[in-house]
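All chains are identified by letter, namely A, B, C and D, in their written order; residue positions are counted from 1 within each chain.
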């Protein structure tokens, strides 16, 4: 049941991306998509059950440690992208007076 | 020691960049050329050893079981790309060095990007690939927004968000593959993909990965970020982006679709052919109506990517090789065109195509190379575009509808370059010349290579691809006639329709796709691909 | 055992939907912070404490703070006042007050906050381009007018022109961004 | 296309994707593969000497990934700084809104919280191979602790250029430390102690790497935050 719910989080994020009118909203939605992806990875990693991947005593089944190592990387990547996008946002606001996609993409031919 | 060279390819440019950033001295920046020289020498040695013993190209980092460790792997494909990258970066550095010498940060980002791109080409691990994909996205975003004016900031954020979304889908695909095969090593997956290839989950992973790659390589309908980004950047960067970095997506396509999943596994050849044809047509139509020199070239990149896709979709044989060759050829002539256009824009202080006249009389050397670029891109015999374009149509030369699409693209390309060539004619204009021999060195080198490949394609083909390219004939009367007819049709089309600037032309020119629509199309793309794969094939 | 994770996941989806449909960006920051916390809880329930620590530290502390700064910067209307207030006589002083009243109402119409600054040296054009100054006010003694300068690309300047075109003591100058030729 | 039609069709398309996902995952357990889990479970502790399997993976098996994870932070910091910086000298500029003071309660509370968080962050970094945590997480906590300083006194700012320089040098040191293993073991990017070394020796490498990564990450995050605070000021 869980992986499906995680996938729904991703889909909600994508829905938000396709209806959001301003840049900040799009950045929020990217954050949602990223969190959903991480959750999906971890859900599937704990698919067969197990305990925290720290050695307490051999013989107890652990969950898959690889997704966790990879997902820490994904969180760092996501945070850097968010901060870069937000900095671009500030600059765009003071340049165009607005952060609506419609306004900033209006003709500059 | 030789097996360590891949790691050197990655870290030499990165360390060079960091040193430039830390020292902040304009004389120290010349070490970029030293690092390019070292790279070229190492590359020569590496290729020499690779030919002697191909096993040298596989390196396991950490020395663990290679199913679980990160590995770097080189093959003919990645080695050609590496050679091309080193050449392109050297030419672009020559071109940009004098004007950007004091901007340490620009060179820092450029060198870092080279290291990351070389790493991206060599890695044999899917998650590693994802990290490099994101790093390239971030680096290009920063380089695009380097000017900090309105259009560049706007292009940067559009590029960043759309490509991040694409990379996220790539990641979901990786997740599914990991839980089905227990490994994310590309070589391991390539050998074992047959175990579960008909399971729906693997198909879904395939679709998600391919969708992510399609954003990266600007296929229809996900190309909207490309003209924005490539049109506003510095000229040197535009050349690099259009010539090389956008091919990163196609490289991934070859790695994932053709090699890893196996091109025949899901019978997607026709689908990708038509996606490629649509991309090419839309790109060429959009290019026809533009009024800005750089925008024309940027839109042409889209259409040429479509052409490459038409060839690559076959996955084997001469058409596939034609697609591969077209990647290299396009890198050469598109960067040549961009660099020449950059020189012209600098001298005339405008980008408007109708405001520039008399280039041939005022800037003869530049315009000769511009003409070489234009002949190459439109596929004239004796130039490199001709060879690859002839190869691409090998597999579908008997199918009339496909040939019709292909011909349309060619006519469109020729027409828009007739429009482009209007800037050459006219009276001489007095310009204050920027004396910089270095810029001409890079243009000269690229132009020579264009002609060189166009004439000596047979030995090159047998050396790189091990194929006999005698199918392509230089003195084929039909090809010459075709080319002349294209020029005729193109001239009529230009004179009586495009040049008059009718209403439809203006409407297409004012076409803008908002970010929401781009996302909507992305979802549409994913669902239609999955519909085709799950229910039609 | 599986009830709590499922409930939390449904809560996560509800918060995500709230983020997507809510209009006010400042309120969304609260949502995104709690989104991060619930996600971190779910990571722990999926036996991943390492990821949860990273998510709590980055996803619900540093990133929301950056959002706060970024959004509050996007609600500012930065005005650089270059009028030498010692030189103004009384009649102009009245007009100056009127000008500020107009600006205040304009800023409130656009749901912004006015941030007045002073004492920055540099040419007007470079200031608007490099620093985030939205409007520069100066006084021209010959024309007896206040001159407001801003960027042409900004829609706020369009609104301002519409609002003030009937006032004769205000003149608006806009800078057009030059074509970049590199 | 009107917004309503677009939204409805969007929901339909997303519903279709969800449907495909649900039908695909229904018999996922038949092809579920846990090779990776079994491999790390059997060998992880002996190979890396880390009680925390996750730390073992990202500091040993996949150290190459972590290097570039540090690199992406480095690039983002440099990029954010590049976009926000400007050539105009504005030292004596005065802004009206920035004169507001932080409430006294906040300041007192932050003074209490700040050393505790700093200690906790350092604890998480140093014990990364024993308990949950490690360089990235601990670095982020340390950065948060340093950010609390801004609440106490907004005028006290870090010199960002020094931070950036240190960060880049740390990255070079990180790469060189990671590649030391070539001299001792003949393979790149792993622990520079031998495979049969004792747990304590391996812990030296793990702690060293965690500290380096933690320092780099915390400096990077602080620099990003400072760039945002100073933006346009």
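Things to note:
Here is the rule we use: contacts are C-beta pairs under 8 Å (C-beta built on N, C-alpha and C of every residue); 3 or more make two chains touch, one makes a residue touch a chain.
Bear in mind that the values here come from a model prediction, so they are computed numbers and not experimental data.
Among the pairs A-C and C-D, the greater number of C-beta contacts is found at A-C. Here the CA centre of chain A is 25 Å from the CA centre of chain C.
Each chain gets a centre from the mean of its Cα atoms; for chain C and chain D, those two points are 29 Å apart.
Separating the CA-averaged centres of chain A and chain D is a span of 15 Å. Chain B and chain C have Cα centroids separated by 38 Å. Within chain B, contacts with two or more other chains are made by residues 127, 131, 134, 138, 141-142, 145, 148-150, 178-179, 520, 523.
Residue numbers of chain C whose C-beta contacts span two or more other chains: 49-50, 54, 58, 62, 66, 70, 73, 78, 132, 153. Across the assembly, chain A contributes 8, 14-15, 18-20, 45, 47, 50, 52-53, 62-63, 66-70, 72-73, 76-77, 80-81, 83-84, 86-91, 94-96, 108 as residues in contact with two or more other chains.
If you sketch which chains touch which, every chain touches every other chain without exception. Per the touch definition, chain B reaches chain A in the complex via residues 127, 131, 134, 137-138, 141-142, 145, 148-151, 153-154, 156-158, 160-161, 164-165, 168, 171-172, 175, 178-179, 291-292, 509-510, 512, 514-516, 519-520, 522-523. Within the complex, the chain A residues that touch chain C are 1-2, 5-6, 8-9, 12-13, 15-16, 19-20, 22, 24-25, 28-29, 31-32, 35-36, 38-39, 42-43, 45-46, 50-53, 62-63, 67-69, 71-72, 75-76, 78-79, 82-83, 86-87, 89-91, 93-99, 103, 108. Across the complex, chain D is touched by residues 49-50, 52-54, 57-58, 61-62, 65-66, 69-70, 73, 76, 78, 113-122, 126-127, 130-132 of chain C.
Listed in rising order, the residues of chain B touching chain D in the complex are 4, 7, 11, 14-15, 18, 21-22, 59-65, 67-70, 105, 108-109, 112, 116, 119, 127-128, 131-132, 134-135, 138-139, 141-142, 145-146, 148, 178-183, 196, 199-204, 520, 523-524, 526-527, 530-531, 534. Residues of chain D that touch chain A in their complex: 3, 6-7, 10-11, 14, 17-18, 21-22, 25, 28-29, 32, 34, 36-37, 40-41, 44-45, 51-54, 56-58, 62, 65-66, 69, 72-73, 75-76, 79-80, 83-84, 131-132, 134, 136-137, 217, 224, 227-228, 231-232.
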